[in-house]
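Structure first, then comments.
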Amino acid sequence: MTETLRIGMVGYAFMGAAHSHAWRTAPRFFDLPLGIGMTALAGRDSERVTAAAAKLGWDSVETDWRRLVERDDIDLVDICVPGNLHAEIAIAALEAGKHVLCEKPLANSVEEAERMTEAAEAAKANGVLAMCGFSYRRTPALSLAKRLVDSGALGEIRHVRAQYLQDWLTDENAPLTWRLDKDKSGSGSLGDIGAHIIDAAQWIGGADITGVSAILETFVKERPVGGDFVGLGGHGGTDGPKGPVTVDDAAVFTARFGNNAIGVFEATRFALGRKNAMRLELNGSKASLAFDFEDMNSLWFYDSADGPNSGFRKIQATEPEHPYTGNWWPVGHGLGYEHGFTHQVVDLVNAIGAGEQPTPSFGDALQVQKVLAAVEASAADESRWTAV
Amino acid sequence: MTETLRIGMVGYAFMGAAHSHAWRTAPRFFDLPLGIGMTALAGRDSERVTAAAAKLGWDSVETDWRRLVERDDIDLVDICVPGNLHAEIAIAALEAGKHVLCEKPLANSVEEAERMTEAAEAAKANGVLAMCGFSYRRTPALSLAKRLVDSGALGEIRHVRAQYLQDWLTDENAPLTWRLDKDKSGSGSLGDIGAHIIDAAQWIGGADITGVSAILETFVKERPVGGDFVGLGGHGGTDGPKGPVTVDDAAVFTARFGNNAIGVFEATRFALGRKNAMRLELNGSKASLAFDFEDMNSLWFYDSADGPNSGFRKIQATEPEHPYTGNWWPVGHGLGYEHGFTHQVVDLVNAIGAGEQPTPSFGDALQVQKVLAAVEASAADESRWTAV
Amino acid sequence: MTETLRIGMVGYAFMGAAHSHAWRTAPRFFDLPLGIGMTALAGRDSERVTAAAAKLGWDSVETDWRRLVERDDIDLVDICVPGNLHAEIAIAALEAGKHVLCEKPLANSVEEAERMTEAAEAAKANGVLAMCGFSYRRTPALSLAKRLVDSGALGEIRHVRAQYLQDWLTDENAPLTWRLDKDKSGSGSLGDIGAHIIDAAQWIGGADITGVSAILETFVKERPVGGDFVGLGGHGGTDGPKGPVTVDDAAVFTARFGNNAIGVFEATRFALGRKNAMRLELNGSKASLAFDFEDMNSLWFYDSADGPNSGFRKIQATEPEHPYTGNWWPVGHGLGYEHGFTHQVVDLVNAIGAGEQPTPSFGDALQVQKVLAAVEASAADESRWTAV
Amino acid sequence: MTETLRIGMVGYAFMGAAHSHAWRTAPRFFDLPLGIGMTALAGRDSERVTAAAAKLGWDSVETDWRRLVERDDIDLVDICVPGNLHAEIAIAALEAGKHVLCEKPLANSVEEAERMTEAAEAAKANGVLAMCGFSYRRTPALSLAKRLVDSGALGEIRHVRAQYLQDWLTDENAPLTWRLDKDKSGSGSLGDIGAHIIDAAQWIGGADITGVSAILETFVKERPVGGDFVGLGGHGGTDGPKGPVTVDDAAVFTARFGNNAIGVFEATRFALGRKNAMRLELNGSKASLAFDFEDMNSLWFYDSADGPNSGFRKIQATEPEHPYTGNWWPVGHGLGYEHGFTHQVVDLVNAIGAGEQPTPSFGDALQVQKVLAAVEASAADESRWTAV
């Protein structure tokens, strides 16, 4: 009889829905070493968390995450709340002997991320494991990109070109949500979407960023104070009071990597017409790779070995040989955004089953946090070159 | 307290997995008038159906679909087996007072489809509803296409250009599965994938096909006899015995529609490099639409009203205003193949809740069947023009 | 001292401008065995032909093509007038010992094309050469496609998918030009643009069409009688008198080839939003090719030998190793529409210099003419299968 | 009788061929106020310049550009030699009363560019005009982009995203040509291709760059000493002696503009697979624009006014209403790289005919030069923010 991994999740907005779907779906398409129990959902508002649990399929609720962490029938705590709460919850859960899956960015500061990493390393000695949720790593096309780089197909990497372009703040009257409040979110585009391309570039390219020169910009300085807005975007009305936007609307920076590649990064919520253009291109001495999440099932691969008839190949990353996709549909039947979360659960449960460290570890996520901090420091000092 | 719709499903291969996911997922993202009970799964082999039920999440099993149809605790029968079994199961279920969802094509012959349609109409008088599973209708981009045509945006439609291109039979040693056996599948590319583009073209364009001139071709006449192959494609080995392919590898035909448009259709499993290119383009007097399932979250729309700066717009069909997508993720976070099935369940349960006919009805699917028959008749008589 | 090939051209509209540019430009980028003399331009209206000659760079004019054919200082007659005049001019020129370049389609009937072919064969015995101007053969990406097929890269060809989509007649008040008058143009979309895809499909695929089943359609039956319109498209006003459109607006047909491939063809001027989408795709047992003139510098190539990471490669057909492009700009610096005409001149002059038959010969063009005739016969008889 | 503008051109390599084609072709497709005389070509090697003049169509030769400048029968000097010679030739020509067309970048230093600008302004007082050859401005799609921005369609511009990606130096044994020698070329990717995107971004966006933070990188430090290489790329052999590369292989920088937009720029010859990807994207508060020279006849335009069905429109910039294209072929019949040069001649001759300043003036090009200098200064000082 398979043992069951009992999950307690904190938060039930956008990320909570994605994670719930993943816990529910993973065992239906993949053979896992442990069963999945969607045991408890925590949220502050009793009525709303009860409704969310019913909708999302959780067996019970808690109105205080501390209670969740204390429960004996919880094996893993899944953290889906704004970044200002990550450190406290994660450290408490780890100290209580619960495995932890924590949404990205790991924390709102390097100091918090360092404490979390220390807690994770201490817990690991006791067989308790922690993972940070950079779910884009589990998009099959990006997993395939990683595999190609690891195989040496690209040769020496010279250029990294990374963009995460959205446009949902272009409307100057989009409401002031928690994502625009530095106290809760830590930063704006930088931590929310910039963190994804930093992680992807370092992970796929196989080298850390060693220094940056950055600009942060807030185009719209104040916005309508919203009510209870949980999604992205929307229109907040023009009559009511406004409050200050305390985070960046856009972050752009140049970078150097440990493998001598140079990089260009851009994260913005003001690229009108670009909805979720999480893009990454690597140019090596032998081959190149390009990806755009707006066409998420394709990986473009240029192999100079193809000679004069070389060209970027549009690989549909849906072959049985490709990462994850053999467990889904026939080739060409594309996957969607949420599959990254499902694959994240698969890899996490497999790691727990095997007693091995899942990736990205909190340490990996701490490295991203250090890049975020370097970007902020550089931007605050006239784009001065800042080592990570 | 919400009443529960108790489902019994027959078959658990490719389509069974897709339908199971849909029944499981629909209530988590959409507000439905009825709860969903995944009550029983039927299949002939006791061991295998039991394993499938566990994996896919069904509460009980039957080894004879007749038992399923008789059970009092089943409200709806979902038919996911090869086409030769559709008529018998559907008619029995309808007569037993069960709602029916039947995979496409509706049947292996017009005669069967007519009997099924009669049964559906008789059952409807008793409040029992039947639907055929042309799931591509529920791809948001194609639903949006339908909405645009219905709004009159295209004007008078002149051209329909439809292709369904796959390549999984290009390998001459791909095994002889049930899909290549006329007795089970009725036809080859024509019914399997051609049926989808016929349905989509008629539904979106708003007019039926009135006549066709067709070619059917079987490029590879015999193939290795496979064992127990349930997916698509694969390589069956070259040493063993071979059996005859009794269906078409490719179907191409010209067509006329009731609205005076002319059409070109092509369905094949030999379009090397095209994995699941279900494509549709409509050219009207005022605007045009184009879609390719290999980029399933986009709808291309050309509006001549844009003047000299007109151009095909790549609409990301993921806006809150677009069909279905508001219940999922933020804009630009694409959906996958299986969402069509989830939306199909949503629409079916809503129709049952409201006591209204879901679409496509068996009558709608019968019309597709008549086109398939006309294509076969034309191809068998040197492409003679054949009225539908 | 290089000998000079002295050209006399008949006609100076769209095609005349393209040919003039080609004669002027070819020797500047390619080493030719003969110099080029732009000796005389013929047209009926003295004033207009004189102005055209000055503009386009011709040294003298004639107001009767017969005079041009008789001139001793003309070595080659280039025919750029509507199809109803091709046979008479070409035969007279060949009989007068002039080489001939004749625009496509070769003629307005098979009978004319046969007489022209006979004249060309008779002339060839005297060292006088004739070529038909299917200029798209000289688009580098299509020349590269031909080279790949000839190399055996595609294996056995199963599918041909050819479209030539334009939209300049979508406006119901576009004027009634010579291209819509059967007496002058022979046919509509079929001969004007359908001829190009027929020629390209047969030439690149390496097999002739053996039979067809076709629909011809005229969506707009009458149009404003224009004045002196020489371009495409435009808006002819709604108040004046109208005359009948005597040609097809669209031609669609299925086909079989001598190599057992099956084909689908579509030529139309009503595909709103498609401006010059001359498209060709070939699917073989080993590889596939795809081309769209709207992105004319790219050839898409799918090679199954690339394994699970195969995908359509976007080859930029601008490498030094590719046909023609080494004489132009560095890689990635694309060519335009007129380069096909320049390359046509290059190949023709090289053939004349070497005393060899240029391609396509009149015989090759006659084969296209026979396909056009079969399409018309099939369409006139309810899409009956018609052998070529 | 139309007066003739008599041209003397210096240099006959890649740019010389492009300019010759432009002088020859412009009057054949456009009505110009002056005739064009291709009067003299200058180059140091008598034999080679004589052969080039015959090939490219120049009436006479000079082996010293100073002689060309002195000739009475020359009205305009066209400078197509490496940047180290621009200042001396241009100033001498202007002082001799000749109009000047000078290739970009204007010079190898700000000091030279300033002297050239002074000379141009002094000459202008005498009716003598100077223009710098940023030919990409005359690509129709980019001219259309400029027109759209000028119309206010974009609203307030927030982001500029510019890349010029080539790959012809990826091969470590590509030869050491003049383009890799700082004494001749001034800089590497920065001045050669970076200058184009700087000019395009400032011109189309309508605002100058006010400051930058930059990285310059030379990936391959030494290369085979070539012989007489005039093109791009190639393979120089591995056995012979090597010399130092004294310019940048890649230049990346962030920027701020006078209109508060922020920009990211990247110019490289090491982006394997990107052949001539001169790309520009502008995101405004109301609309966005995107362009890639590898698909040079298209402009992508996103207009938020299109509402939920907005999407990037692929405008084929070949309509009669679009800049320049009405003088060429019907819509959809694309233009090539060299047309930018032809249009440059058209605009220059029209300006001379009207006695008006052509653009870009030397002053405009000086501004680009200042940006190049700021990039170099920033890169030399650890990416320090550097005002322009």
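Quick notes on this one:
Note that the chains are named A, B, C and D in the order they appear, and that numbering of residues resets to 1 at the start of each chain.
As a working rule, a contact is a pair of C-beta atoms (placed from the backbone, for glycine too) under 8 Å apart; a residue touches a chain by one contact, two chains touch by 3 or more.
Note that the structure is a prediction, hence the values are computed from the model and not measured.
Greatest Cα centroid separation from subunit C: this falls to A. Between subunit A and subunit D, two chains of identical sequence, the interface residue sets overlap for the most part, with shared numbers making up over half of the total.
Subunit C and subunit D have CA centres that are 35 Å apart.
Averaged C-alpha coordinates put the centre of subunit A at 41 Å from the centre of subunit D. If you average the CA atoms of subunit A and of subunit C, the two centres end up 54 Å from each other. Shared contact sites, meaning residues of subunit C that touch two or more other chains, fall at 274, 310-312, 316.
Residue ranges of subunit D in contact with subunit B, taken from their complex: 144, 148, 298-301, 306, 308-316, 319-322.
Contacts from subunit D toward subunit C in the complex involve residues 14, 17-18, 20-21, 24-25, 28-29, 55-57, 166, 168, 231-233, 274-277, 293-297, 316, 318, 328-339.
Residue ranges on subunit B touching subunit C, taken from their complex, read 158-159, 161, 163, 167, 170, 172, 213-215, 217, 219, 250, 252-254, 256, 260, 262, 264, 266, 268, 270-274, 281, 283-288, 302, 304, 310-312, 382-385.
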